[in-house]
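Structures given as structure tokens follow.
The two complexes that follow have chain A in common; it is paired with chain B in the first and with chain C in the second.
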Partner chain A sequence: MEALNDDGQWIVMMGFLVAIGMFMLAVVVSQAPLVGQTTAESVMEFPKNEVQDLRGKLVSMGSNSPTSTLQERFREDMALLSMSRNNAIATYSIDGGNMTAAGTYEDIFYTYHEIDIHYNNGVTEYDEALLLPERRP
Partner chain B sequence: MVMNDEGQLYTIEGITAGVIMLVTAFTIFNTGIVYTPGDAHITDMQIQQLGYDALLMMDTPADSSPLYESPLAKMIQGDHGDQFKYEFNDYLNKHTGTTEIVDSLEYNATVFNRDGDTIHSYQFSNSTMYETSQLTREPAISVTRYVWLSDRPFVSGYDTGKQLVLLEVLIWRR
Partner chain C sequence: MKTDIRKDESGVSEAIGFILVFTIVILGISIVTLYGYPVLADARISSDEKIMEQNMIVLQNDIKILTRNNVPYRDTTIGVSGGSLFVTNSTEAENAGGEYFTLTYDVASVTVFSDVYYPGSLEFVSDEGTAVISVANGAVVKRQLDQDGSSMVSDPRWFYDEREGTLVIFMTNLTSPRPMTLGGIGTIQMAMLKPPAVHDFGDSGTVEIEYFHDSTDDFSRAWENYLTGPYIVQSGFLKVVSGNPDVYQLNVDRLVIKEYTVEILGI
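Up next is the complex of A and B:
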């Protein structure tokens, strides 16, 4: 066998390095759709908009007496509609068991209603104690 | 016999080539391939957020005092499906003017309301259905919005009085 001709080794090695570099970049690119898919899935799985919707509605309902028929109507509408259409259990209570029309907490300027929101759609469970301020007269 | 140690570079080269081929084959067979981009949830997520945002805009009352009726509530109350169609389409197609929007979203809006322990529903509004969308379309996305009404919806036979109804809109791309 003829002796090895070891000319041009730099050229061979540089070609090798470039090939490896391109391969690494290709791996990165191949991960991109997968990352987009999983990110989009987790965004859709989390019911951000539904929770924000309920929360916004409760803020405008909070100043009504917790025992009023309006609140009863509202609570049952929310519970049944979310169960039948959104596959979620959604309920809330205002001022816990105290049932004080003026609010549970107060300071010099405000009284606060404590609204306990409970939301569970099997994947996401969300509980919040929202303090709704109301300016004292 | 003296070991002939020529050709070592050839051996290393051969091994390297083999490893490269193995790694390539492994990468190809191990890559997650998304066959249909429409099922990739990426566009689904964008349509979903767009729908929620459009409904939020329409459900924002002009007066921020508690329990003030929003434009959306007034539309449901008065059964103005055509008005809803106009405004919802408008919000879906909002753009900055720098890009061209492909106006191919279609939707179907249904109102659900509670009467005692049962849920009633009626079709509220829908987009102009093109024939192509009956043949082939992307999967529909559901967006919902609770709407506070000061009285029952226009359709008769419903509970009267202040109530919460659920507006469900299915959006898809034709």
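Up next is the complex of A and C:
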């Protein structure tokens, strides 16, 4: 009886390898997570400019030691605007409330006003305590 | 005479070898036919449902972009496989007994605001499987046909600010010029041209949300889990009445309701 010719066995072997490879790929593809929102969108959603705007306004206002009535009106305007434009809750306090007395902290040259900023749009909640120096007369 | 076993082929039969190999092949084919095909079919159905779940999150995200980011138009091309996508607009939901919400705000036991919202929905119903996935009122909810219970796949973006005691609720209505369905690949065009109505109540009081489910399309469990769970406020809403409607309450210092109307122009 003629001996088996096994020269072509590598073809069968390669077939197996390719099949196993495809199976592995299929497993990997089926593991793809459920993503509807991309990372880029999440990054764009961070309200950086909104927070900066709010901060900028408060820095220019805080140093002028405004009266509490003015602060109150300004706070309401800001709350309304941020809710209607950005769907966000924005509020702040200067020197721990509406106090317009000399700042909470002071040294020889400056008094410091403490400004607390609170911003929340449901996704990002941001709190900041900012010390604003004011030169002593 | 000494024989070399490796070279002795006197007991080898080609006929028996053929029968053995042939049996193995036939057995292999029958096992794949009996067990493999049903598994493959199930896997296809469940992967279709998974893909649709993902598509619905994409649609929810589009609605979010329209309503929250002040973008007037948006269109998305999606492929619907293994089922159909239906648009139920707000008016249709109202006429055909669809689900709806009632929001009431009481300040010192006096009702200062009360309104009814028929959100309408974009709903996918699977043909071969049992999944029903719906985008309604900013949320993606899912249930199985002929079974009780439902789950929330993706939350609406209602939120509560602990520091201010403010609850912000977004109610999203879907409108469309006519009933629409989609099977296969299509582009969903959406627009939000009407500015949102904003209700802002500064006095502290009690918010009451009533959820009236559609008896043939019940997502009450999903909304219950969302409202009573720690997703909006850590302690959750209090469920005061069960049944139809389910009634939930929460005490807040300030309530903001924003009403959006998204128009589905075509699919």
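Basically, the second predicted complex is superposed on the first by the 91 of 137 C-alpha atoms of A that agree within 3 Å, B and C clash if a C-alpha of one lies under 4 Å from a C-alpha of the other, contacts with A are read in each partner's own complex, and residues count from 1 in each chain.
Just so we're on the same page, a residue touches a chain if its C-beta (ideal position, glycine included) is under 8 Å from a C-beta of that chain, and two chains touch if they have at least 3 such contacts.
Worth saying up front: this structure is predicted, and the values here are computed from it rather than measured.
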{"item": "Partner chain(s) touched by A:Thr91 [first = chain B, second = chain C, both, neither]", "value": "second"}
{"item": "Chain B versus chain C as contact partner of A:Ile117, first or second or both or neither", "value": "neither"}
{"item": "Partner touching more residues of chain A, whether chain B or chain C", "value": "B"}
{"item": "First (chain B), second (chain C), both or neither touched by A:Ser30", "value": "both"}
{"item": "Partner chain(s) touched by A:Leu130 [first = chain B, second = chain C, both, neither]", "value": "neither"}
{"item": "Where chain A meets both chain C and chain B, residue numbers", "value": "1, 30, 34, 36-37, 41, 80, 84-85"}
{"item": "Parts of chain A lying in touch with chain C, wherever the complex brings them together", "value": "1, 30, 34-37, 41, 80, 83-85, 87, 89, 91, 118, 120-123, 125"}
{"item": "Residue numbers on chain B that touch chain A, as the complex places them", "value": "4, 6-10, 16, 20, 23-24, 27, 31-32, 34, 40-42, 44-45, 48-49, 52, 56, 66-68, 112-114, 117, 119, 143-146, 148, 161-166, 168"}
{"item": "Chain A to chain B touching residues, read off their complex", "value": "1, 3-4, 6, 16, 19, 23, 26-27, 30, 33-34, 36-37, 40-41, 43-44, 49-50, 53-54, 57, 59-64, 70, 73-74, 76-78, 80-82, 84-86"}
{"item": "Chain A-touching residues of chain C, taken from the complex the two chains share", "value": "9, 12, 47, 50, 53-54, 56-58, 60-61, 68, 70, 154, 157-159, 161, 163-164, 166, 168, 170, 198, 200, 256, 258"}
